[in-house]
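These are the structures in question, set out in turn.
In what follows, chain A forms one complex with chain B and a second complex with chain C.
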Partner chain A sequence: MAGPKSSKSSSSDTSAAISTLWKSYVSQTPDRLKFIDSFLVFIVLSGVVQFLYCVLVTNFPFNAFLAGFSSSVGQFVLTASLRSQVNPENRPEFKEVSPERAFADFALGSIVLHFFVFNFLG
Partner chain B sequence: MTAAYPLPSNLSPTTVTNTASLLRIVALGLISAAAIASRLFAVINFESIIHEFDPWFNYRATRVLASKGFYEFWNWFDPTAWYPLGRVVGGTIYPGLMATSGVIYNFLHALNLPVDIRNICVLLAPGFSALTAWATYMFTKEMKDESAGLLAAAFIGIVPGYISRSVAGSYDNEAIAIFLLMFTFFTWIKALKQGSAFFGTIAAVFYFYMVAAWGGYVFITNMIPLHALVLLLMGRFTSRLYVAYSSWYAIGTLASMQVPFVGFQPVRTSEHMAALGVFGLLQIVAFGQLVRAHVSSKQFQNLLLAAVISAGVVGALGIVGLTYKGWIAPWTGRFYSLWDTGYAKKYIPIIASVSEHQPTAWPSFFMDLHFLIFLFPAGVVLCFRELRDEHLFVIIYGVMASYFAGVMVRLMLTLTPVVCVSAAVALSTLLDTYLDPTEPDAPAKENETATPTPSSNGTSAPVSAKKVKKNKEQEAAPPAGGALGDLVSGVASAAVAAKKGDKAAARGVFGLDTRFAVLLNAVGLLLFFVVHCTWVTSNAYSSPSVVLASQGPDGSQNLIDDFREAYYWLRQNTPETAVVMSWWDYGYQIAGMADRPTLVDNNTWNNTHIATVGKAMSSSEEVAYPILRKHDVDYVLIIFGGLIGYSGDDINKFLWMVRIAQGVWPDEIQEPDYFNQGQYRVDDEASPAMKNSLMYKMSYYRFSELFGGQQAVDRVRGQHVPMVGPTLDVLEEAFTSENWIVRIYQVKKEDVLGRDLKSANAFAQGKKRKRSKPVSRRKALV
Partner chain C sequence: MIFLLSWLLLAASAHAATLSVQSPRFTISAADAKQLRSDTLSLTKKPEPLTLSPTDTLKLTFQITTDGEDGKGVQPHQTFLRFYDAVSGEEGIQPVRVTPGGKAKFELNMARPPASIPPTSSAPLEVSLILGSFVHDPAKYDLFDLYIPASQPAPTHADAAMFSPRPAIQHTFRPAQSLPPKAVSALFAGAVLAPWAVLLGLWGKVGISVPHLFAPSIVPFTALLGAFEALLFWYWVDLKLGQVLLYGAVLALPTVFAGKHALSTTGKWRAGRK
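For the complex of A and B:
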């Protein structure tokens, strides 16, 4: 559900709509956000691989799976938060969060998240 | 200009702000001092001692932590609890409380302050109550303003509903949990308001602390998603909500799984699924918003809506399916009992037998909250007036907590903070309205003139200082008319008052007399509240229940110290491995004070083991003896209040023992057997099963001898006990405390000659055996 491509195809069958979406995305989004989006796509892929491994192979060290998967999910939502905070369109919503502070928040959140991830890997 | 009373006009705004913030700090300091001081009744009236039952276990665990270090504590296996099973303590507790005390202990010792661990444990709850007052101040500040915050802090500081769980010596999880609850909610509101991942992370960290500290963390786990869901359904989705909720949930859930006792529950049990569902829903909605930003086709949005709905349905079906397949555990029994108050009594007597799990009686609402309980709805109505995102939170919290507090006495504790917050909002609106010097006939006045009043009332100065800022914000609306109109006529008139802004000038507060009438009334209420809180705290909530107090006819206090007397007797006179059997209520105290292995204790995880004890207590000696011997029981300890009228004794709890035993052995123990024609009696009319039960025999053994030939009276039940008391064959009395509250019996070993104990006993008492064949045969020989 992350990258604009992945879950769109399931919800709509009109390929024209997708191509409009894609074109508008490519043309309107600032490069910074595209950079963040590529990171998001990478995280989604890593999460999907872990999930498939868990379903198809084994979930044996369940805590390790949970740690890895939560790392993906957590990092994804933190990055998505960063994305919406630095998005110029959302500026009026985040009056008190400047882009610099958003990045600092992101860094702090990631550190805390991965502290727990490492603790849980076992 | 017209003002009801003159205000100094030569003060610069900075002076006003500085003075107001100084006064706020002083007020918060005083509130903290009052919160701590009012919790010290227990220490002053009795002594610095750990109270009740569960705190004794926490104290014992903390001592292990302080003396042996954290790793030993983490891996602690306690072989003396649940004899012969033992208990993995590290994995079956919420370690937050002990860890907090341990950190404080080590910190103080690092500063070369040799404070005893017991004193830290005793004073932890009062200390944290000061922090709770601060957290409530911060929380209420987000709802209204600083003056409401101060009122809320003062309320939560001394309100009996919270003091009941946090007096000095009440060393239980709730002592720190309420602070964590309020602080987590505060950071959540802050994160939601600012859309800040930083506050979301802080909320997650405090959520983790809360999970480590109290099982009530499930309340947060469901409150925050509920709030998010309501916002979503009201069409109030913003990116700030996404940021706040996602960062809290992603980090908080992972963090909560670090606590061994919680483990994988956040992904496995139904209680936690709501949070996960809302998390998924938010992701979908956020993604939908992103797509909508790029595509503006109406038809496309319809498609999107369908996609969102179908995804939600699939998600819900998925959760139901997983529950069905057993991947996700269904609701636990304790949770069901929240919805169906009769559930626990039918299916899990062990939960129903705990007095704090009973439904709340209505007087206790007044007793615990006093006048806050009728200001509470007013505050909720005022929240509806503004209805910003954070006000919704208070409303939802208020509704949920009111319900839960009605179902279970102990959940009064979660209701108390929201009552304090919304009562403070209501009262502070009232004070704002009537302290405001603006007269209604004037048009909206200049703000520079509204400066703080030099007043004796501590809170009024910040109130009117705050007014300055508030008036600036609401310059458009006439302040006095608008605020009052809304206060008086509530939600319905709010819109009307706002519309007829010019007419509102005709309504309002005129002159000083009306102001004084209302304000004196409010101050009077506050004073009665303080008196009530002090009285309730000193009389109802400060008893350690380990030491009992009674008053003589001349008012002198008389301490009844039977419990400790008996526990120290056990400690001094029995081998360290002697197993003590008692009803589970006293397990923690025996372990903590007597340091002896127990069969069952207050951590009621093993119903069968408790039922075994119940069976032994409620069956006859012949049946009970093998059970006692099989479990290596050396001593049996019972509580008997019949002599001095202590009503919390084992005979009164006896029916629960019977019920719990019946749940496991329905064909051996039946509750109706213990009644005589529907009545629970202990006198001559008592039923045979009752009279033969071990508990009855132990309680009244030699009791009638005390009365020297007179009719013996049980002062709790108010019944006459039979003149000829019961006899015991398999037990012998080992110790009975001064007021007979605690009686300890030693289990006899098997007779060395191989006789059964009954005939051995009869022989020892010189009774002849029934004349039967052997005698006659001897005669024949002669």
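For the complex of A and C:
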């Protein structure tokens, strides 16, 4: 059972840890990965907004919701896998996968995903 | 043989003969044997409708003869009284016993009605006499209308509903879904577009440079990827599935080669930079 004092100190610990994490992210992450991360943030935000619209207002063109939300989810998965494959830190994990190969996979996967998304969009 | 022939001759001569009903008469009496109504019946004109209360008794007497009033009494092979309810279509057939001399007497006691009386309502029963014979022409006489106390309604057969028109099927549909008000739609459209601003802002902050975007080896690949997206957009707007698959297959071939060329070029740049 943590008292108010310890919870305060732990919250300051947490904020310190978060700021340290943020600083090391900003200073150590390559710009290319930041570029991909910005795209990931964009995908998460737009997916959340679409889901909120579906829950709060209406799911009326349900196929449109499915298309939009699934495109967010699928694009997030594809982009995350691209990011993990082009990350220099993961180089030992993906010896056979060059960044170009990863980008080709990403492009092919995106085209297939978008085909299904437009198919659903009605 | 001769006997048979004479019998056939007799039958042929008698075939033209007709049956007739002589002195038909009805009597309605109460439970205490008091006569309430009594009259002769005309075979051509119906009398006033007869009415029986639950305790009354109807007596009907007549004689069946051949060929006019001076003919002899005859016993037809079949003698029936038919009780018919024209409204409900129910009918009952009651055989009448006829003596060999042609005299017939029928008694209907409403305290103990026979099972052949059909279910009745407020409509009268049409009572007719049906005579059938092998050697005479058949005959049917409409005698009178008869009011008797109403019975239970006629039972319907368990399967009767199967053989009658079923009620029309009423489909109920869920009400059509409606779009939310324009203001709400516009608000959320703005909210969905807002992440684009976040994306562009973050990209501007990251400040990545793409010096080779318009290099001759890269442009075809990006252009063909853009063409794929345009094709899919066109699919949404207009195209059919088969067309999209055909155009996509056609587009895939140059895209594969352009992509291979572009990515091997970037690979060389990456190797040279390292």
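Everything below uses one rule, namely that the second predicted complex is superposed on the first by the 109 of 122 C-alpha atoms of A that agree within 3 Å, B and C clash if a C-alpha of one lies under 4 Å from a C-alpha of the other, contacts with A are read in each partner's own complex, and residues count from 1 in each chain.
Quick note on the criterion: contacts are C-beta pairs under 8 Å (C-beta built on N, C-alpha and C of every residue); 3 or more make two chains touch, one makes a residue touch a chain.
Model, not experiment: these values are computed from the prediction.
In the superposition on chain A, A:42 makes contact with chain C only, not with chain B. In the overlay built on the shared chain, the residue A:89 is in contact with chain B alone; chain C does not reach it. Of the two partner chains placed by the overlay, only chain C lies in contact with A:34; chain B stays clear of it. Applying the stated contact rule after C-alpha superposition, one finds that A:51 touches neither chain B nor chain C.
Touched residues of chain A were counted for both chain B and chain C, and B has more of them. When both complexes are overlaid on chain A, the residue A:121 reaches chain C alone and has no touch with chain B. Using the contact criterion defined above for the overlaid structures, shared-chain residue A:65 touches neither chain B nor chain C, since it reaches no partner.
After overlaying the two complexes on the shared chain, residue contacts for A:104 are found with chain B and with chain C alike.
In the superposition on chain A, the residues of chain A contacting both chain B and chain C are 101, 104, 117, 119. Interface residues of chain B, counted against chain A in their complex, comprise 194-198, 200-201, 204-205, 208, 238-240, 242-243, 246-247, 249-251, 253-255, 257-258, 264, 267, 283-284, 286-287, 290-291, 293-295, 297, 300, 303-304, 306-307, 311. Against chain A, in their complex, chain C makes its touches with residues 177-180, 184, 188, 191-192, 194-196, 198-199, 202-203, 206-208, 225, 228-229, 232-233, 235-236, 241, 244, 248, 259, 263-264, 266-267, 270. Across the complex, chain A meets chain B through its residues 1-2, 4, 7-8, 10-12, 17, 20-21, 24-25, 28, 62-63, 66-67, 70, 73-74, 77-78, 80-82, 84-85, 87, 89-90, 93-94, 96-97, 101-102, 104-106, 108-109, 112-113, 116-117, 119-120.
Chain A makes touch with chain C in their complex at residues 31-32, 34-35, 38-39, 41-43, 45-46, 49-50, 52-53, 57-58, 60, 98-101, 103-104, 107, 111, 114-115, 117-119, 121.
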